[in-house]
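I have a structure I would like to understand better, so I am pasting it below and will then ask my questions one at a time.
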Amino acid sequence: MADVPAGRRRHRVLRRLAVRVPQYVLIVLVAASANFALPRLMPGEPVELLLGEMANRLPAETVAQELADVGLDQPLLVQYGRYMAGLARGDLGYSFRHRRPVSTLVAERLPWTILLVGTALLISTILGVALAAFAVWRRGRRRDTASIALFTFLESTPPFWIGLLLLIWFAANLKVLPLYGTVSVDATTGLARVGDILLHLVLPAATLVLTSVGAVFLLARASLLGVVREDYVLVARAKGLRERSVAFRHALPAASLPIATSVLLRVGALAGGAVIVERVFSYRGIGTLMLEASFGRDFPLLQGGVFVLTLVVVGVNLVGDLLYPRLDPRVRR
Amino acid sequence: MRRKLIALFMGLGLVAAACASDDKPIEQPAPGVTTTIPQVATLRFANTTGEKNITPWTQGSGYPGYYMMTLVYDTLAWLDPDGKPQPWLAREYSADPAGLRWTVRLHEGVAFHDGRPLTSADVKFTVEYLQKNARPRWVLTNVDRVETPDPLTAIFVLKQPQASFVLNPLADLPIIPQHVWSSIERPLEQTTQLPIGSGPYRLVEYAENQVHRFQANESYIKGRPIVNEIVMPYIATTQAAFTAVQSGQADAVSASLTPELKPQFNQGGLKTAGGAGYRGWYLYMNTGRPPFDKPEFRQAMAAATNSADIVATALLGAGATGSPGFVHRAAPWSNPATRDSRFDLNRARSLLDGLGYRDTNNDGVREMDSNRLEFDLLVRNNDAVAVRAAELISQSVGQAGVKLNVTALDQTTAGARTWPDYAIGATPRGDYTIAMFSWAAAVQQDPDFLRSMFHSSTTLGTLNRAGYKNTQYDELSDQQSKAVDEASRNRILAQMQEILARDMPAYPVFYPEDIFPYRVSAFDRWVYYQGVGILNKATLLAPR
Amino acid sequence: MSKAGSGRRTNRTLAIVGAVMLTLFGLLAVFGSAIAPYDAGERAGRPFLEPSRDHLLGTDDVGHDILSELIGGARVSLLIGVTAAAISVVVGGLVGVSSGYRRGAVDAVLMRAVDFALVVPTIPLLIVVATYLERGMRSQILVVAVVLWAQPARIVRSQVLSLRERTHVLAARTYGARGPYLVRRHVVPAVTPLLIAEFVRVVSIAILFEVALSFIGLGDPVRRSWGSMIQFATDRGAFLTGAWKWWILPPGLCIAVVVCSFAFVGLGLEERVDRRLGRSATT
């Protein structure tokens, strides 16, 4: 196992960065441009599409002023330029319904969704990998079929349905967990507040975990199986190492690459699931913000929320992509 | 040893002194009350409407919004549970024989939450400020000026007699403090500054779409409130709110139960309070668009709507059918001749035949020349009962040969589209042919609303969603607004209802029964205010 | 290596189970109205009846028989899912073929669009598009298709790219075979099994999306799909009255079983596709 000289390794990483980052930047630009184009292409009143339905109820001078700010009277390119410049400054527009800038509203709610998705991602990964390791090392045809069938079934259930059932059982019937919200309205501080937040997190996170652990399991299992056949594992076995050692010191690190990258790449799907789950539990994250914006025809807020969420998901994807060579020892060779 | 004893006695003395100077221990009943009603520390009232800051310019819904606002602000008069106005901030009020000068005398010693006294200057200021920064609920165009001969007397000088003057503005207009609002140029922007009023509660905390927290005003003019603190958490879905009441996470809720839940909430420490609600669902028709521009066509639609069936099915019987005369059957001015709805498919069919619409190609839908009788029936999608009702209407109207496609839209869009094809004042024009629309209870409490609903002028008919134009109706509605004598006013109102029943610009389909659940152990003195709801500041005060 | 990495036997068993379930549901969708005890839109009884001999799953809030609604829902949900999947796969296939075949600028642009569509979180995108478009089955199908065409496009493209360099194709090209002929004779047969596998995968997602949209209120409540059944059930107190057992549980189970069946069939297909092409089909 000749090791790659440090210089060459760094060079490779940089090269990867140089290729990947511009691709992602391009994606972000496309997302921003789509945000710009969408309201201008859709059927409907430009005022309403650009400023939200509420804008229709403002006095005429205010509306004219706002449109001038947006530059609706200017040629398209100028509008685009101003829009992009605004984005770079962090200006996502103004919500007339809430009378606050979109970026403030998004910043208030985004951390909660990140908390929810992050927790669910972590738990489902650990659980999925552990279950897969167990399944691989204790193989048997019937058990295989059963486990694949079970986890595929779990993946097929509509997330909100599972969420509703959990809500009925634990919150409404057993009354051990809160029915709604991110945090209770009574002010709590310190440890009590942390506990309160965790209590409210249990059911939504459990729902997300139940519906995403299947995919992690199937993927982890496939990776581990693939790795188990590799030469170096056979060598390790031949050397007489115990199964557990083979598993943890050799197979798992090798299999970790596809698992890790696919976990990170699943953030997008999980974020989408979170939007629905937030609704079931009235969890005040960015998902419910987007739905409120959708029903309130508050287009700037809706698009701002989607754009920020996309940014976050793209960022995580980029990290997953960059992590690619570092986790797999084979690549380092 | 002696020094220690002296220290001990001094300590005891200090403690005794401290206890003696303690003002009001928590359990002391309000002054003037002989029975002791136990104080309630905290009441958790779940709110399912997203109320913002509760000033007169930023407050949202009719119920609970207006009633949250009036926890903090007072009006000169106030409606009792039967809907009759009683003096409140005012000690008494009366009009001169011509009905043009209303003299209002205030109570002594009313103070705002910041300690400043409430005087007639504040009343005058409120009227003038609202005339400058109008809100649709309080139309003050008829008030010429307010005279303030002394700090406790305000004289409203009207341009014309106003029959509903006591109902609105006296019993409805919140009095705002001049010393706070005189420096505020843009009242619509007051989204964060907490309101200061004279009411029994102070808003001490508010987070948009999360919670409102009220603290009792211990020196309130009508006595100390029974409940010390009211917390109103926002719960996005009514079902979650009902479940919260059932599981004890909330003590009451602002939404009315759907009828199938009634049995659940009359057991296990839960009770319901309610009655005939005034909030109604109406079938609105755009009278500017053919074929709905013909009264016979609208009559046909009404005749083909089976209100009784809708109440029996979608409401499980818990509701009242609407009256063709538009006024709720329980209102004192309801015209008995136009009170009952009649479902008559044959009549509908013959009306349509008479207009020339026939089903020539046997597809179940009538047409004439190239005009097929197929329309989109708009309804908002966040009220399951309303969507079901729309489906039922579509089915029964379909039997007469008119096809209605139920189109469920989000509430804001549905509301924004249900306006005529021309703008009414600041309200932009809409886009609908036929729609289900719900009005809050308030519109059935004051007959003056009949003018706002159907007057053809855009300054007086501010709520004319059907785009109805009838000069005879206009004249009558102007007359009733000035008719101070109740009997003659009711006669005019009866005539107006006959016109509406004949022309049918909008057809009230049903009024759901109000069923408000609450936890008995938390607070059980709830009173249902006729047609409106249970949240009312008067309920939270000790009786005198 | 195949996605499940499992043995042939496992995949085949599951695929058969899946195929059987799908056939059952397909039959239900087509002939359901004949089997169902009542018409799904008919007011068959009083509202909120509990399960009984007349109504095996009770009645809903207006009096429709829930079992009949469940059967009728199969048609709606399957129709929406299958149509949306078909559109995405066809569009994706076309994009993939043009992109892989033409290469150059066309390829670059199309692939950036694909990258974008793959990375953007789907449900938020769904919400945005659904908010702008009118309600109705047509726009629902469109919305779902707009979001799902990218993966088939990418998969087809990589297949086309590798095909171009295969010996038999190169040979054909030296003999003067041109575009349309090549496409017809070589590309289509190679790509079709891929598309079928993708179709099966996408249908599951499409059904879940439609159901999610209905539940949050961006669907069409009048369309009696399984998703709107659950929505009405939730809004009419099904969990407070205990009616959830026969009103929320069955539609959810049906959705899960149908989607799962598609997934099982997909497992079996994937394996065959892998074998036929001699290598992994995914990039």
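Letters are used for the chains, namely A, B and C, taken in the order the chains are written, and counting of residues starts over at 1 for each.
As a working rule, a residue touches a chain if its C-beta (ideal position, glycine included) is under 8 Å from a C-beta of that chain, and two chains touch if they have at least 3 such contacts.
All figures in this text were calculated on a predicted structure; none of them were measured in a lab.
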| item | value |
| --- | --- |
| Selected interface, A-C versus B-C, where C-beta contact pairs are more numerous | A-C |
| Chain whose mean Cα position lies farthest from chain C | B |
| Between chain A and chain B, centroid-to-centroid distance (C-alpha), Å | 43 |
| Between chain B and chain C, centroid-to-centroid distance (C-alpha), Å | 47 |
| Separation of chain A from chain C, taking each centre as the mean of its C-alpha atoms, in whole Å | 22 |
| For chain C, residues contacting two or more additional chains | 217, 234, 239-240 |
| Per-residue multi-chain contacts in chain A, two or more chains | 172, 294-295, 297 |
| Touching two or more other chains - residues of chain B | 243, 246, 382, 410 |
| Footprint of chain A on chain B - complex, ascending | 189, 191, 208-211, 213, 231, 233, 235-237, 240, 243-244, 246-249, 382, 410-413, 416, 426-428 |
| List of chain A residues in touch with chain B within their complex | 53, 56-57, 59, 98-99, 171-172, 175, 178-181, 185-186, 282, 284, 288, 292, 294-297 |
| Touching residues on chain C, where the partner in the complex is chain B | 43, 47-48, 61-63, 135, 217, 220-222, 232, 234-237, 239-241 |
| For the chain C and chain A complex, residues of the former touching the latter | 1-7, 9-10, 13-14, 17, 112-113, 115-116, 119-128, 130-132, 204, 208, 211-212, 215-218, 227, 230, 234, 239-240, 244, 248-249, 252, 255-260, 263-264, 267 |
| Touching residues on chain A, where the partner in the complex is chain C | 23, 26-27, 30-31, 34, 38, 42, 44, 141, 144-145, 148-149, 152-153, 155-161, 164-165, 167-168, 172, 218-219, 221-223, 225-226, 268-269, 271-273, 275-276, 279, 287, 290-291, 294-295, 297, 299, 302-303, 305-306, 309-310, 313-314, 317 |
